[in-house]
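The first chain written gets the first letter, and so on, giving A, B, C, D and E; residue counts start at 1 in each chain.
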Amino acid sequence: QETFKLGIVTFLSGPAADSFGVPARNGGQFVIDQLNKGAAPAPYQKVGFGGMKIEPVIIDENGGATKQVQELRNLYQRDNVDAVLGYISSGDCLAVAPIAEELKKLLVLMDCGTPRIFEEAKYNYVFRTASHATMDNVGLVRYMKAKNVKMDTLSAINQDYAWGQDSRADFVAAAQQLYPNVKLATDLLPKFGAGQYGTEISALVGAGSDVVYSSLWGGDLQAFVLQSAPRGLPKRSQLVFSAADHVLPPLGDKMPDGTIIGARGAYGLMSQKSPLNDWLFKGYEAVNGVYPVQAAYRITQSILGLKAAVEKAMAKNGGKKPSSDELVAAMTGLEWQSPGGLIQMKLADGHQAIQSIAFSRTKYNPELKRVDLVDILHFPAECVNPPPGVKSLDWIKGGMQGAKCN
Amino acid sequence: MNFFLTIVVDGLIQASWLFIVALGMTLVFGVLKILNIAHGSFYALGAYIAATAVTMVAAHSLPPSVGFVAMLVSVALIASAVGFLLERGLLKMFYGRDEVVLLLVTYAVFLILEDVTKLIWGVNPIYATQPYELFGNVAFAGLYYVGYDLVLIPISAAIGLAVWFGLNRTVTGKIVLAVIHNEEMSVSMGVRVNRVYAVAFAFGVLLAALAGALTAPKISMQPGLSSDVIILSFAIVVIGGLGSVEGAAVGAVLVGLARAASVHLMPQAELFMIYLIMTGVLMFRPEGLFTRETARRI
Amino acid sequence: MNAAGPLLEIDNLVVEIQSMPALRGFTMKVTRGAMVSLVGRNGAGKTTLMRSIMGHLKPAQGTVRFEGTDLAARPRHARAALGIGYMPEDRCLVPQLTVEENILLPLWVAEHLDRKARLDFVYEVIGELTEMRHRKALLLSGGQQKLVALGRALAIGTKCLLLDEPFEGIAPALSERLSEVLASLRGKDLTLLMSQSDMNHSRGLIDVEFTIERGANLATA
Amino acid sequence: MKQGLHPLTMIALVAAATLFGRALPTWTLSLATIAASNALIALGIVVLARTGNVSFGQGLFFAAGGYGVALIANAWGLTDAVAQVIIGAVCGGLLGLVIGPLIARYSGIFFGMLTLALSMVLYGALVKTTALGGSDGFNVGRPSLFGMVFTDTREADFMLYAVSVVTTGFAGIAATILFRSELGLASLAVRENNLRVEYLGISANRVITINFVIAAVFAGASGAFALMAQRHIDPQFAYWTTSGEFVFVAVLAGYQSVAAVFVASMALELVRSFSNLYLPNTWQLVLGVFLLCVILFLPRGIGSLWVGNRRQKRRATAATSIATEEGAAS
Amino acid sequence: MIPVLSVRGVEKRFGAVVAADALSLDIPAGQRVSLIGANGAGKTTFVNMVTGYLKPDAGSIAIEGMDIGRRSPRNVARLGISRSFQIPQLFIELTAAENLAVAISGVGAHSLSFFSPAEAHGRHDKALELLGRFGLTEMADRPISELAGGVRKLIDIAMALVRRPKLLLLDEPTSGVSAEEKFATMDRVIHAVAPDASTIVFVEHDMEIVSRYADRVVAFYQGRILADGDPQDVLKDPEVRRYVTGGSQ
């Protein structure tokens, strides 16, 4: 019986493993198990991909772009996978995309924030099934505006590498659009993985600005929160974190109430109710003991999108296992439902997804011993993503023309 | 004025834990001539063990001070045992090889420990925050400081003084000097060199782990914790001069202050700071700030 | 223990360094209290023999017995405790330590000896050391270091001294002094084995001379 | 005269290795390209190590070569593989010429750490340079060869393989000649006792600088290969772990022969790749154990599997020559 | 005629230790001078200063009238001055022949060749020939690490001879060399340099050697020159006997 061999690349070691890599692997395993059993809800009830069982080959993403390029080649050429799905780091996404293109093999990027992938090049065989990071910051500023958060002065703390630098640039640009008088007070760029922020917190508390923005994630974010709370930073400034959902379960009551957070999508506690969402949320929680956060959602929407594409292609070619080109044709411009809402391959000639996003404030719930999210606000995809053909930062700086909010 | 005070306090807080790590590294290098890449892994190991100890104590709803003590004791015991076993069981086999080969051995140990910690503790973040509240908060120079952070400064100074005293003012320290200088002669004079090696290595591991334990309450433990620490302590040790306790102290303070100053004054430069200091120091003192006198050669 | 038997007994010792034979069946008996000289050309194997006795080289064949016990069974560091004082050819002082500390080094680890008494003994025998006791070894000239190394061997070597070329590089006036020092040890139940490439310095001192040639005995006198 | 292989034999071996690529499965071609390029930079480390200095910052020149080639390729559309290798080598070499004289007076760990620091300064600068893509880096197009553009992936991979094997092979031959030369012997002497070298009227700094520049040239060319093979460059090229890995390849190989360096880097890549495939959660552990085993059981490196003990060989040829077999290209 | 070596008022201290105390000394070409002195008298320090390894605290040192003030050992060596060392300074992992080959390529070479094989141009033959002169042909292909101390000493001296120096400084050439060898060693040295009528300064503790080979003896004590002159006279000097040579001489 024919199977669909799927290479999955995600962080199993290194600093991104706990926040993104392993939740993604767990999510992927859950979804693949369910699909192989035919246990997923409609419209995904068919076994595997169009009846073919999915055979995952999981690879660690840790180790840098050089290694990932080599491993991608190995996956396609040595292990003969039918498609590769994965990648969390932007650098890795940028590096592997041209290789897949050259080998004419399907590559589905599930996460990675940078908009540059499709803004700087054109790919036929490469798709990204999640919005890029522009949405996180545009949405965050829109949320603050909608909730009347005061922001005359702004401080920022972001890691000194592409994700932090880009997030900072997007947020500041968007803030300048919606808060034209905002002044940037302290603008910190600690090294990635610094882990200790005593000095930075002194500087931030000293600056005492209305809002402290951060795109920190994972252990760095947790350390920052742990160290800043006793020093009174949350009391002095409104904390806004663009991608903090994944630290809520581990931080628990250490997370100061009222912090504004995003999840890079309408994920986890901010997701909208649907049978598909219940299936993932409850199922994942049952297997793993915690509820799913962004990475689990992102891999799920990737796998479901690929499933939709495979089945669409099979419907067209009469039920044979589709070739890479048939898959590409099917995936281009595809739309499908995911636990986090509707995914539409709208940008980059149908290769780059857009999706809706949600933001909220934290509130610790002592009974459930977990952080609840309140004041949730959803923004439709076209409100926070640039329209096709416009570069993200230009779009923001140009006043976010053509955004459709409601 | 306040501003400078902030930089100094922030810098010293940084320097305090960095010093303990670097001290361990410089001792191991001094005695065994091993530049230990796995040193960062021992730091991580200490942090993990501390977190486990604190969590276990908290689960029995004992006060955080018990957690603090439990964490230090358990780390001290486990880390020195691990260090001892590693030296006797593994490193010993490679003595007499090239410095670079020994470095590679410790790199292999680093790789192995990376996965071993992952296998034991998983990738999910672990905390040991209870002791962080132990010493309250202190209002100071217009800011709040966490008492725990401030307490680290005297703790590390005390450790440094004790080690310095032990090496320079006690017979044991002088025996260690002899072993460092010439192992064959030391054995001939009746020194149990193997024991000196094992104890020195175990002590180095202990210091790294202790630093990990002391920082554990304010960070979240997760994979990748070790790699940053390695390079930081390398830099400090090189700035200070390999094998020198004073050097490690001055190096750590220098690095701590420079980083603090750059965050407050020039945040863009933080990434380079440590390397710039290192290059600057080596420019004028090619062997680091404090170098050990060597025997006459000709 | 049999007091009449030889103190040091080397039987058919074969030592290979990097698979090249450096000792080829060397045999020697040293009686208690004797002053023995080991003579040979450069490369004959004198240093190799000393280092083998000290356990730094593992013999391929043959045995080294000290007071009847096979030294091969003892760990390297145990030789000092047996009362063997060794003065290596290249001095090997610890540069950061003072002269006195260098002399004390073997005494610090030897629990059975009275430190003060041994130190005084060393200063008594080699008076020159007293005035430089607080200087760091780093600062001594080659010959001065030689004296310190001798003092250090003397401190721990209660039964036997192994001196590897003690007179090498010593000014004649001082080597005369050294010979006197060594001569003064006679009758103190201390056995002396010293290697030499030149016999000038010790003619009157020696009871027995072993000549080593290409790692083997040449003749016994 | 029996002192390793004759250069002509080595050229034949290089040719054979190149043609052998025809028989390799596609996925091993790019692996072998990377291995050859790593071998090239590791060879530079061996060259430098003969003066007693180990560079933990070869990533500096690796990145200089890579970025130099990438920028020129993107600016002028220069895609020729051979030209790119030359550009990479020149970029590395020029930087080496600037840094070499400054760093030659350092020794041991300080030399290593200073090179590491310099490479990390470059790393930091690159991470900061958003115009070059910051930490994410940027992509470049496919290389061509003498005006030929390869669209078939197998052909393109083989072309790269061939260019890298030939370049590395010639670098190996050059290194062999160097090792046997006056300068090569003086380099070993500098490692042993640079004071005596100075007393003999030879400038130890100069010897170190020359070897340093050679290593930098190799590293720059290697950077060009890495770039061509993956068509992407990022500051990771200059990161200390990258440099560290090259040192490990050199140590694993055992400083004995060029072929050993190649085999060692190939073995490392294979072990890493297969353990990642079959044991994705514990591949680092496997790699660590592999390293320990090689060091323990092959103390003279992988090369000792077939090069044989230098000393024994020396004895066999004792009367005729003072050959330095390290250079033997097999 | 200008002296080969001219030392004027040289002082050197190491902390409290005075290693050279207003030393003045002229050595004319072709003379064989022996430096004797108690241990720690400053003989090695003297050699170190003359060869540029140590800088004097005060005073001047000139070679053939040229001040060597700031010159490094390398630049001094290029002036045609060689030395051997009290503790042999060799390339431990290289063979005896390779050690000499390095020395040979150092002669006159301002840059070393990439291409010229180390053993080409008769360099190897020359190395073997030098070794042969010291009776060390057998040792040619053994690394120094395998050689005994006395043999190292000889190779160290052989290396100093490679350059055919105009001034040769030997620091205790015969200490550690066996009785059978020591005269032969000195003979070889003399023989090796004779054609150029080279000037030799040798530090020595062995008075047999001194009286046999020196034209002139300079006795040091605590950084000062105790006596300087004809060997017979110096060796008879009561102070020299007291501090240096001892009673039995």
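Heads up, the rule we're going with is that contacts are C-beta pairs under 8 Å (C-beta built on N, C-alpha and C of every residue); 3 or more make two chains touch, one makes a residue touch a chain.
Please read these numbers as outputs of a predicted model, since none were measured by experiment.
Minimum number of contact steps separating chain A from chain C: 2. Using mean Cα coordinates as chain centres, the one most removed from chain B is E. The centroid of the Cα atoms in chain A and the matching centroid in chain B are 36 Å apart. Taking the mean of the C-alpha atoms as each chain's centre, chain B and chain C sit 42 Å apart.
The mean-CA centres of chain B and chain E are about 48 angstrom from one another, to the nearest whole unit.
If you average the Cα atoms of chain A and of chain E, the two centres end up 75 Å apart.
Chain contacts: chain C has residues 18 touching two or more partner chains. Within chain E, the positions touching two or more other chains are listed as 44, 53, 86-87, 89.
Across the assembly, chain D contributes residues 127-128, 195, 241, 281, 283-284, 311 that each touch 2 or more other chains.
Within the complex formed with chain D, the chain A residues making contact are 12-13, 57-60, 64-67, 69-71, 73-74, 76-79, 90-91, 94-95, 97-99, 102-104, 114, 116, 120-121, 160-163, 165-166. Interface residues of chain D facing chain B in the complex, by the touch rule stated above, are 49, 54, 105-106, 108-110, 113-114, 116-118, 120-121, 124-125, 127-128, 195, 240-241, 244, 247-248, 251-252, 281-285, 287-289, 291-292, 295-296, 299. Chain D makes touch with chain A in their complex at residues 25-28, 30-31, 34, 127-128, 130, 133-139, 142, 153, 156, 226, 229-232, 234, 236, 239, 241-242, 269, 272-273, 276-277, 280-281, 283-284. Interface of chain E with chain C (complex): residues 14-15, 17, 36-41, 44, 86-87, 146-151, 153-154, 172, 175-182, 205-208, 241-249. Here chain E touches chain D in the complex through residues 51, 53, 72-74, 77-78, 82-83, 89-95, 97-99, 101-103, 105-109, 111-119, 123-124, 127, 140-141, 143, 159, 162-163, going by the rule given at the top.
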